[in-house]
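First subunit A sits with subunit B, and in the next complex the same chain sits with subunit C.
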Partner chain A sequence: MKYLERRVIHGLLLLIGVSILCFALSAAAPGNFFDEMKLNPQISPSTVAGLRARYGFDQPLVWRYGHWVESVLRGEWGYSFAYNCPVRSLLLVRARNTLILTGLATLLAWLIAVPLGVWTANRRGRWDDRLSMASTSLLLSVPELVIALVLLYWAVRIHTLPVGGMASVDFGGLGVQAKLFDLALHLVVPVTTLVLASLPLLVRHIRASMIEVLQAPFVQAARAHGIGGARLLFRYALPAAANPLSSLLGLSVGALLSGSLLVEVITGWPGLGPLLLDAALARDIYVVVGAVMASTLFMIFGGILADILLVAVDPRVRLGKV
Partner chain B sequence: MRKKQKIVAALMLLVALHLAILLAGFIAPYNPATQNRDFPFVPPTRFHFADARGHFHLRPFIYQWTVRPEGFNEYEEARGREYPVQFFVRGPEYTIAGLVRSDVHLFGVEGPARIFLAGSDGFGRDQFSRIMYGGQISLAAGLLATGISLFLGLLVGCISGFYGSWIDESAMRLVELFLVLPWLYLLLAVRSFLPLHISPTQTFFLLVAVIGTIGWARPARLVRGIVLSAKGRKYVTASRGFGATDSYILRRHVLPHTYGVLLTQAALLVPQYIVAEVTLSFLGLGVSEPVSSWGNLLANLQQYNVLASYWWMFAPALALVIISLGYLKVANAIHERLQSDSI
Partner chain C sequence: MHRWGCFATLLLACGHACFASSAPQPPQHGEDLLVTDNQIGRYGGTLVLAQRSEPKTLNPVTAADAPSREVIGRLTADLIHINRWTQNTEPALAKAWSVSNDGRVFTVKLRHGLRFSDGQPFDADDVVFSFQVYLDENVHSPQRDLLVVGGKPIKVQKIDQYSVRFTLAQPYAAAERIFDSLAMMPRHLLERPYKAGQFAQALTLNTPPAEIAGMGPFRVKQYIPGQRIVLERNPFYWKADRSKNRLPYLDELVFLFVGNEDAQAIRFQAGETDIISRLSAENYALLSKDVATRGTDFFDLGPSLEYDFLVFNLNDLRSKNLDSIAAKQAWFQAVKFRQAVSSAIDRDSIVKLVYTGHGAALWGNVSPSNKLWTDQMLPHTPYSLDRARELLKSEGFSWRSDGQLIDRQGVAVEFSVITSTSNAQRMKMATLIQDDLGKLGMNVHVVPLEFRALLDRVFQTYDYEASIMALGGGDADPNPEMNVWLSNGGTHLWRLGEARPATDWEALIDQLMQKQMVQLKYKERKHLYDQAQEIIAANVPFVFLATPNILVGARKNLGNFKPAILDPNTLWNVEQLYFIPGNGARPGEKP
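Here is the complex of A and B:
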């Protein structure tokens, strides 16, 4: 478990680095929330100056950073100017919603990609492999934005799927089962978009690393022993191919988060994406920093999860031989 | 031989697309900003070969759209008069790349009819012309931002790979920082710290700078790896023994090794950055009206009624997909070529 500890510490350092980067960038920016406020004739200059002082914007950057770290330690994550409340209360719900979306999408994408990748690696060069390669390469060049819009168009056309948001208007009055069903209906479009967008890269990587493993001598030996078919592919070959795939899992979480931001905005899913976009437009910098930090946190968790899975799957890693 | 053909075919496609977009003024029949308030959301024009009397025409012709009396924004063809499609017609004046002035367009029809290859938008502006002109913005953003990324990546990669020690160490930590962040979050965060209310030209260059600066990390890491392996070669040691300076070694013995990677990265980054520009403009943080880009053309679809009723507003997406596909094919071809070279 030494390794895991190191990963966690590494993750913490990354978070600190990201926060410093965010603050440095915000200092380089010409203008802030209060400059926008100055343009409003209904707010007097003295009020703006007072607010500036209250939020510490008349202090140097280092002081502000220190102040922010203190508020993170208090569990507040800074203060939102636009919403007039601590950032944490905004982030928690939004982060949960993003987690539901990306978690489900990651799970589904991998559940589809692994069998598909393994199967096409085994059938390399045959018609089904060619079909899969052609369709993934086509899908690869369709941006998430386009996939989301097309799916939304489809949802509008068939009339049975909800077109935006996370819950129907009468959500509060539904029973538990009906609530889950309602949520599932709302998830169809965003999750399908994310799965379709992340699938081609996953399938291609899994296929490539499986092809490499299938050429290894131990696979030949297993074949000679009469082990074939699915048992060979999934029980023996797949764990050997897991090492490069585990880092792919970490990366795919990142790509999914980026995609999720866009999909959330398009489909009106109340996750981190719309929050970040609104905050970006209103220059609500602590919310921006908070949302970026939350997304980094997700990425780091994705990476750690991938490592744990790798340890569970690959005996060579477990024994410290790789 | 087959691989070479693949590269050539993909490159030809890309060159043709870029040329077409560069010559937007010539290929687009109308000025992208000209409004026809009487014809909002006109569907794409239909081409006909056989007229109402059953006569066959070798030259295709179109009918003018007229508003259906009882409908709202619904159109039907006015079968009264045929407008043959003409080539090399005179129309509104345009300049190509700011140099050549002309008023000859590839195709068009006689007034008062208008030819809408991809329908019209809410102001009755010709979508096809807007896509062509918008492509200039989107492509230029992608290409320029890629240039910035590759330049920064090459610079950082060379310095950190060649000189090593603490420079390398700190540069690679920074790379890690940039790679771990989901790019769209980073993009939005950086964009949010920059001014919003500025002129379209300023926005464009700001956008290019932001997108380009964010993507430097991956090329930097790749270049560093190559520089590391290249500077360990025996001929580098030999030339150092002969008294070669650092800059000579970098130029002569190290940089040529990086070209392959840079080329592949370029082919991968350009479509990504085009999508980045499109995404930002779609979200309202990029190029804004009246200038068109594929992003703000697609932003029309954020309105529910447009999404539900006017399928031709998806046309910019098609352009985006075709360009991405072209670049992807080229990237694949270069990648295969490099791999077969190194074996």
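Here is the complex of A and C:
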């Protein structure tokens, strides 16, 4: 329990550190939200100056940070200059969309990676293992941006998959089943991209852990006792290999909010990605800070989850022997 | 008592039904509808468009971004409107207007019996309220500056329920154009937040649709964050066709938020949208050739009103500690140097390579498609390296044996050009200019910068040598560009923040622009503006480069589709658009 308390306090300190860093970096970035107005000949410099003053741009950075902390305590997470509303309301709905996408992609990636990694470890050195390794090497070398573009090109050509967004225009008028089907169709391109992008790393980690365990004396002993096949792999070897994988799972959970930003932008998924990109380019800094803080929260949560899993799967950690 | 109660309940129910239903209401007795001369259309259908980014607000007073203004423009209406096709003003919510002999007093007569999209009546009180908000300094409306003439805000007085008087401090040429796109707002909904000092927070995207009303052809039905905004027909809209069918014909108008121009093109190619606006030349070529886009028409409307230019940094750098740039300003300040640069730039190549032929070369700030204001006599400096060399020689420049251009002191001519990474066309232009000026022996470095970083250098730090930018694209009239040409203007980019004109020719431009602003006769005004254009072209504060053509696409089955050069290019007559049945409709979508 004390360990958990310590981790939570560390997490809070990390959040404070990230928020200060975010503020400092955003202040150092050239330009501000109102600069684009200066290019409009119909807007006078005094109007731009008035808007800057209204949003506190003429105040020192420390004052602005304090103001932002106040709004975080009120649950608003700052105020968006562009949308004229609290950041929280902007983030919540988009974070939900991001979690639908990344949650499903992470689940699918793990469901594919675990059996594939275990199987290739067991078939180490054979043609199917080599084929799997070659495929994962290829996928590792292809950026997710390229995967997304290839899938989008394919979607445009086959005319049966939507080429962006989260729902069809007539979504509101559909029944529940049709809505789910429509959502599933819209998920195909972004989820496939994310799965293909994360799969090689997971498969390789699982394979490596499993190879190590399969060489352990207890596995040899189990084999000598006639235990083999799937039972040996999944009942005995996999739990023993779960130690490093629990950290990987924690990382996967931690990346749920931030791992799909680029794919969301390319495929038009209405998650945090497009909002964050727009906000960063427009210097809507409280939206940027809010999104970064939300991602940091998930990272901290993922780290704590990994530690809890580690304690759960490894008795040595539980007993304090490692 | 009981009977009155029932009657009141019935009235309330009718009122609610009127708001809830978006079916067009039959014209009412005394309702002064504006009759349009479009082809008579057919009711029904949903028009789908894609926007490059999400609108940020539905508040017409505070909106500054293009996507918000595009949506708001469909929800609201103005008193006097610029017809995007003719580029002239025409009556809108104002049935007529008169101007006093001294050009200072406008008396506007409103149409009778009109209603907002929530069914509430529209009258002079709404007009006075709207202008009160626009002019309020505490609201910080970007449009406020338009309403300050001769340093004083326009005075707005109600004469009677349907008449309003506008008094200007001084005569203002084409003053009726000021009214274009100034949305008339419902006092009954917005007076309370305004009085509470909460106007900027009113009409956000999260405001419930029932609390939003306007005089535009559509009203808000649904907003889904990050995905789309759905507008439905305003059943009380004040325009009708010749057969007295109340417009608009379309049931719904949907704006999808897709992120960028390429995504816009993909959605159009996949048949998910019906109209695509402001295409780049590359996407235009790609889409118009693609077999998947059969059933669509593409339009090259000719040059836009935007102008791309190269500008040299002539700002006063004494307080900026930018000595290396200040040293180079000796070159930039020489008119002959700028003229030589202008002569050495091959504009035809820019049009051909950057805009794949869908653009026009420019030698002045007024696009050839600006029917009223382009100066036909403006000289078009031909592309000539020989002329450029002669100009440089006469200014004391010479060449080393390796071809490098050097100034009188023997310093090699070398400078950087900053441009925005978000604009692929301007990046290409910079590379072509680098190549062109290299032939003159100038060593030019292209420095791509993120857009706001570029603006910060141009407007704030002055830490740049030259920049490729673009301006224009709004109204065809010269007045909205006053701040570019007046020496104390906020967009006088080559030398910002001048207390007084730095050169004689800038002083002359100041005089001409001030005179044309108060000149009420078009012919005299045109003469003054032509002179200003000629002085600008001769002194080259901007090296004008090119203007892109307006390229748009639409489904073939879209009736009354009449795209125009002025913004909004495709939706300016959205109330008249309709789907022609059985003419290549999107499968399963259209009537």
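Here, the second predicted complex is superposed on the first by the 284 of 322 C-alpha atoms of A that agree within 3 Å, B and C clash if a C-alpha of one lies under 4 Å from a C-alpha of the other, contacts with A are read in each partner's own complex, and residues count from 1 in each chain.
Throughout what follows, a residue touches a chain if its C-beta (ideal position, glycine included) is under 8 Å from a C-beta of that chain, and two chains touch if they have at least 3 such contacts.
Treat the numbers as computed from the prediction; the structure is a model and nothing was measured.
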Have a look at subunit B and subunit C on subunit A after the superposition and call it: clash or fit. clash
With both complexes superposed on chain A, which partner does A:Tyr83 reach: first (subunit B), second (subunit C), both or neither? second
Contact-wise, after the overlay, does A:Ile43 reach subunit B, subunit C, both or neither (first, second, both, neither)? second
After lining up the shared chain so the two structures overlap, which partner does A:Val265 touch, if you call subunit B first and subunit C second: first, second, both or neither? both
So, A:Leu152: does it touch subunit B (first), subunit C (second), both, or neither? both
Tell me which partner A:Arg283 touches in the superposition: subunit B (first), subunit C (second), both or neither. both
In the overlaid three-chain picture, which partner chain does A:Gly228 touch, first (subunit B) or second (subunit C), both, or neither? neither
Contacts for A:Thr296 in the overlay, against subunit B (first) and subunit C (second): which applies, first, second, both or neither? first
One more residue to check, A:Pro244. First (subunit B), second (subunit C), both or neither? neither
Just to be sure I read the superposition right, which of the two partners does A:Leu140 touch: subunit B = first, subunit C = second, or both, or neither? first
Overlap of subunit B and subunit C contacts on subunit A, residues 29-31, 152, 156, 163, 265, 277, 281, 283
Show which residues of subunit C lie in contact with subunit A when the two form their complex. 46, 48, 53-54, 56-57, 59, 62, 64-65, 137, 140-146, 200-201, 204-206, 222, 224-228, 254, 256-259, 263, 266-267, 269-272, 292, 422, 450-453, 455-457, 459-461, 469, 471, 474, 480-484, 489-491
Can you name the residues of subunit A that touch subunit C in the complex? 29-32, 35-45, 47-48, 50-51, 54, 82-85, 89-90, 93-94, 97, 152, 155-156, 159, 162-167, 169, 172, 265, 268, 270-271, 274-275, 277-278, 281-283
For the complex, which residues does subunit B have touching subunit A? 173, 176-177, 180-186, 188-196, 271, 275, 278-279, 282-285, 298, 301-302, 304, 307-308, 311, 314, 317, 320-321, 324-325, 327-328, 332
The residues of subunit A that touch subunit B in their complex are 14, 17-18, 21-22, 25-26, 28-31, 137-138, 140-143, 145-146, 149-150, 152-153, 156-157, 163, 254-255, 257-259, 261-262, 265-266, 276-277, 279-281, 283, 285, 288-289, 291-292, 295-296, 299-300
